[in-house]
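Structures incoming, each one as structure tokens.
Presented sequentially are two complexes of chain A, the first with chain B as partner and the second with chain C.
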Partner chain A sequence: MQRGKLRSLIAGFAVAAAALLLAPGSAQAVPSFARQTGFACEACHTVFPELTPYGRRFKLNGYTVDILPQVSGITPSKEQTLMLNQLPPLSFMFQTSYTSTKKALPDTALPDAFAKNGQVLFPQQASLFYAGRIAPNLGAFVQMTYDGTSGSFGWDNTDIRYARLANENFLWGLSLNNNPTVQDLWNTTSAWQSPFDQRSATAPGPGAGTMIDGGLADAGVAGVSAYGYLYNSVYVELGAYRSAPAAAQIDSTSTNVVKGAAPYWRLAYEHQWGRHSLEVGAYGVEAKLYPGGDVPLSGPTNKYSDWALDSQYQYIGDENLVSVTATYIHEKQTLDATYGAGASSNPSDTLKTLRIGASYYYDRKYGGALGYFSTTGSSDDLLYAQGDPVTGFANSKPDSKGWTAELDWVPYENTKIALQYTMYDKFNGGDTNYDGAGRNAKDNNTLYLLGWINF
Partner chain B sequence: MKTIIALAVGAVLAAGSTAALAQDQEGAKALATGVCSACHGPQGHSISPVFPNLAGQQSAYITLQLDAFRSHERGDPNARAYMWGMASQLSDTSIKGLADYYAAQKPAVGEIGDKPLMAEGQKIYTQGIAAQGVPACASCHGKDAEGAGAFPRLAGQHADYLVAQLQGFQSGTRANAPIMANVVRSMSPEQIKAAATYAASR
Partner chain C sequence: MRTPLVALVPLALAFVPAARAAAPEGATLQQEVKALQAMVQDLQRRVSALEGHPVLPAAASQSVPQAAPARSAAPAAVPQMPAASLPQAAPIAAAQPGASAGYMSPEAMLRAAWSKVGKGMQEGEITRLLGAPSKKFTLDGRTVWYYYYPATGSGSVFFTDEGRVSSRQSPFGWGW
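On to the complex of A and B.
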């Protein structure tokens, strides 16, 4: 091969590898798991994407339980070197939605004019998944997504894992993934939060959020973690993330670039009795980030120390399903870089998020959910500046609070229709005129209708 | 000389077959701990009543059930949702190995239900309900509900699971067991609950 060609191939591969780790959105249950295991969705999901105790077990095991005909290879010493499903475990997901806010959003070009309220996205999101075993003890969950708002196709949630059962009381594994918490087993954490795993892609959302609650994932990271599961109840995980945005090189044009590696940790205890299960846990991340955005990637960094508590309760009856999830996240921001550059008024700030939700399903078909959310934090004139209408913070505070309610209909195990309403008591620091341009928190109240199919 | 060769061949064959047997047992144990235990629990002691305890279950009965899942003859909702796929790739040898593995585990200890229910259950279990043509359960499942061969152990099972199965026999979703369909045909929901509670508590 010519050198030039080789070089461009390597470069191409590097770009592809970087693209592979692009910022993820949200993903779900996948029918290829059902095809691979022969289990109906209900074995692993209460209602997708929330996992049952067995679903957590299947994920812990590296997505490897399999009943399909295999293409296999062994060495003379009978070591298994290949074990591939004869049919690739592919699935497809399609989401379409309708969003309307209480008050229409301002026109992006004309002053004093308004955009059309009532946005239909068709699709909101469409994804292709490879989800299943790829080798003995090795499995993958890989999602490619077409995003209806940006009109682009990109790499989404990825979790490639290796798992070994040492004995009945100890299982360990490794996960290579691109979204801190995408590897998690409970639906309290950011990547797979339940009950409101889906929200409108077009309505305005609160502007402030912590790193562990999606901030790092949005910045584009990739990481490895090692986990152990003891006595079917204690889960311990330790990992580290590095920056891996979808760019050929990481430089001053990137934002929130991780210095070195950011350690991630997770501890949880789950108790199961009869048809009930209860989890209590903690998780967190320590990230030193160069803010970037036209600032060289050297010198001081911002340090984000996040710790969080979470708990999940599930009752899985023949007819009645009840789930309650809660998490509290505390973030300490030591803003050496941002403060030094005069872009924050305080050298350090805090940000706290609380989320509680409960859902009930009858017959796994008809359901409803109610939840409360709140993000509050330090007042900071520069960090939370007035900015643009709708997205700005006129009161220098990050606070957003409110309620979400949802009605669900799941006519088939792989089809869900959800009608959701979100009410804001506070939005970006205020209730009335929060953006300094006359918009009230309540104006962002959002009605959202979602149709969602997996096959 | 001939006898020596014959003996030697015999020894090799014997050694070979015990090795194969040991391997089967190892394989069955690995399958049980690696795959089945995720639902049926370590050593066949499960937590949720959706998943039956397998510990101490009759080997012949387990074999028959896995066969019935594999051939889709046992088709109640949970059999379809969970066990059809699971059993589809099991070979006859692994089924036998799994059945023997679970039969050899120590059965779970049954839970005692509330008194009036237990009393009614005991009556049905030991004497049947003559007026409704319900035979005594003990006549097939044994005095202590330990089962025998193709008659399953009920002792130590989750009562909720037993109730669900009896409902399945009655409604015809678990349609491959004419004997049990006959037994439960005329039983009321309360009688089903009582009999299941008593049998599970043994």
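On to the complex of A and C.
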């Protein structure tokens, strides 16, 4: 065995060993929710972070099912003004990873040199959560994250909910959140997609993506939505998002700034029978964005109209668990601002994303998953320009396609070790020399080992 | 080698009377231990009475915990379980004590009982360890026993279709 490969293998085992050493000998899976509700982890998760039907209802209900000792405030007229847990529902997450690509990435400073292949991130991410009830009918999932790649600490997924049960057949609620789809109940949408909810933070990823599939969240937004759940099966949600990047002010130095508000919608139907459940749904967003980037926040905008279809099937047996998820996203881009500025070849483009994945777990301990992904779209010389090595589009197309396979081991309910391999058939528009600098799509094939603990 | 072995025989015989004499002392010690156990149980009853918990017969703390009223009901579409609506699980003082003969607080006994709940155990074993649950229901087709302890928290035990434990969450916040 070559010395380099041996070192990579040792590094990989070191990550797995570190994750195991850090894992408490006995612990729980979704710590603050489990502490709050008294329910075992399997009540809400098949294997975290995928939700069960009850987990979806718990989220719908505003994370408020709670039976911990409370600190209560009551007015003389017996109106309840405060209900706080005696212990705050705090949790901690730690992820460490090892990433190796088939071919090392070019050095960022020296020509003809390569970066070290086989990168350990310790941590990849470390998060602090407040997850639980805040007050009667009010709950929150708040995540603050240290990002191991940027070395910075920042605000992450946040979903603050108010929920009321109108009657036994109808529940309604409000969600204040910072990531379109973070409030969603199924694991088909971008924020909580499974399988493959975690991917390498250092390996190159496809350069084109739709707004609903993470683009809007990356731009920095905040929104509010109202939702209703009828007859335990029909879900309807309407909301709107505005720009809310981490900045002192939003001006020409910002990018992708929402003009006004971007409406978001979601429809879904779920049928549950025995240990099976099936969801079919649709969702979308329509966002008018100022491209920014030294261009004033006035005049023409780019309009992104996204609609998507999704479906999720789950079988949750005592020992065997099966999940199949699929989503198809269609985005129409009307690029008035970008085309007018001469930064795109076409006045309008399309982008389409398809993801299908299936996972199987035995005894909630040993699992495997396989998935296919594809992003295709219009050819555009300027929007998808050759640019830099690795990230460029030499063929002027956004297309990326490939497969992901994963093996999982969950030694404790709150600890997951995942070994993932992503194989690209196409990357940023091509299979060979896709960036014009001699790099092939398969050079980005990625081996990723993840250790993940929640406590 | 034979000489030393022969020499050991009278030495061993010399200790036989002493061992015989020690037997009555062992019986005395056993009596004293029993008396101390009775005293501890009496003190536990008094503490329970002072803390407002129902006082159990002395035998209850040594065998099956006292059964709390249990209801068999499926949760609502969106389950709400305000503390006031749930009956208490078997009182803390009723949980089976651990192996230690020393004093154990009621909470420690409950903690010890929950720590013995293991994957694959049958419903009867759980009843013997924890008593009857505050509530029994099905969650997405799975049988759940829910235990509620006022001022302490709540825990749950999930069962497979065969009636064996698949997982649990103790009121003290540990799993496996």
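The rule we apply is simple: the second predicted complex is superposed on the first by the 425 of 455 C-alpha atoms of A that agree within 3 Å, B and C clash if a C-alpha of one lies under 4 Å from a C-alpha of the other, contacts with A are read in each partner's own complex, and residues count from 1 in each chain.
Just so we're on the same page, a residue touches a chain if its C-beta (ideal position, glycine included) is under 8 Å from a C-beta of that chain, and two chains touch if they have at least 3 such contacts.
Note that the structure is a prediction, hence the values are computed from the model and not measured.
Chain B and chain C, once both complexes are superposed via chain A, clash. Greater residue coverage of chain A by touch, when chain B is weighed against chain C, goes to C.
Judged by the touch definition given at the top, the superposed model places A:145 against neither chain B nor chain C. Judged by the touch definition given at the top, the superposed model places A:61 against both chain B and chain C.
By the touch criterion defined above, A:165 lies against chain B and chain C together after alignment on the C-alpha atoms of chain A. Using the contact criterion defined above for the overlaid structures, shared-chain residue A:302 touches neither chain B nor chain C, since it reaches no partner. In the superposition on chain A, A:187 makes contact with neither chain B nor chain C. Within the superposed three-chain model, A:323 lies out of touch with both chain B and chain C [touch as defined at top]. Within the superposed arrangement, the part of chain B that overlaps chain C, taken from 5-13, 149-157, 167-175 or 185-193, is 167-175.
Across the superposed pair, chain B and chain C both touch chain A at residues 37-40, 42-43, 53-54, 57, 61, 65, 67, 165, 168-169, 232, 272, 274-275, 316, 318. On the chain B side of its complex with chain A, the touching residues are 33-35, 37-39, 42-43, 47-50, 80-82, 84-86, 88-89, 164. Across the complex, chain B is touched by residues 37-40, 42-43, 53-54, 57-58, 61, 65, 67, 165, 167-169, 232, 272-275, 316, 318 of chain A. On the side of chain C, the complex with chain A involves touching residues 76-83, 86, 139-142, 144, 146-148, 151-158, 160-162, 166-169, 171, 173-176.
Of all the residues in chain A, the ones that touch chain C in their complex are 26-29, 31, 34-35, 37-43, 52-54, 57, 60-61, 65, 67-69, 165, 168-169, 171, 229, 232, 272, 274-275, 277, 316, 318-319, 364, 412-414.
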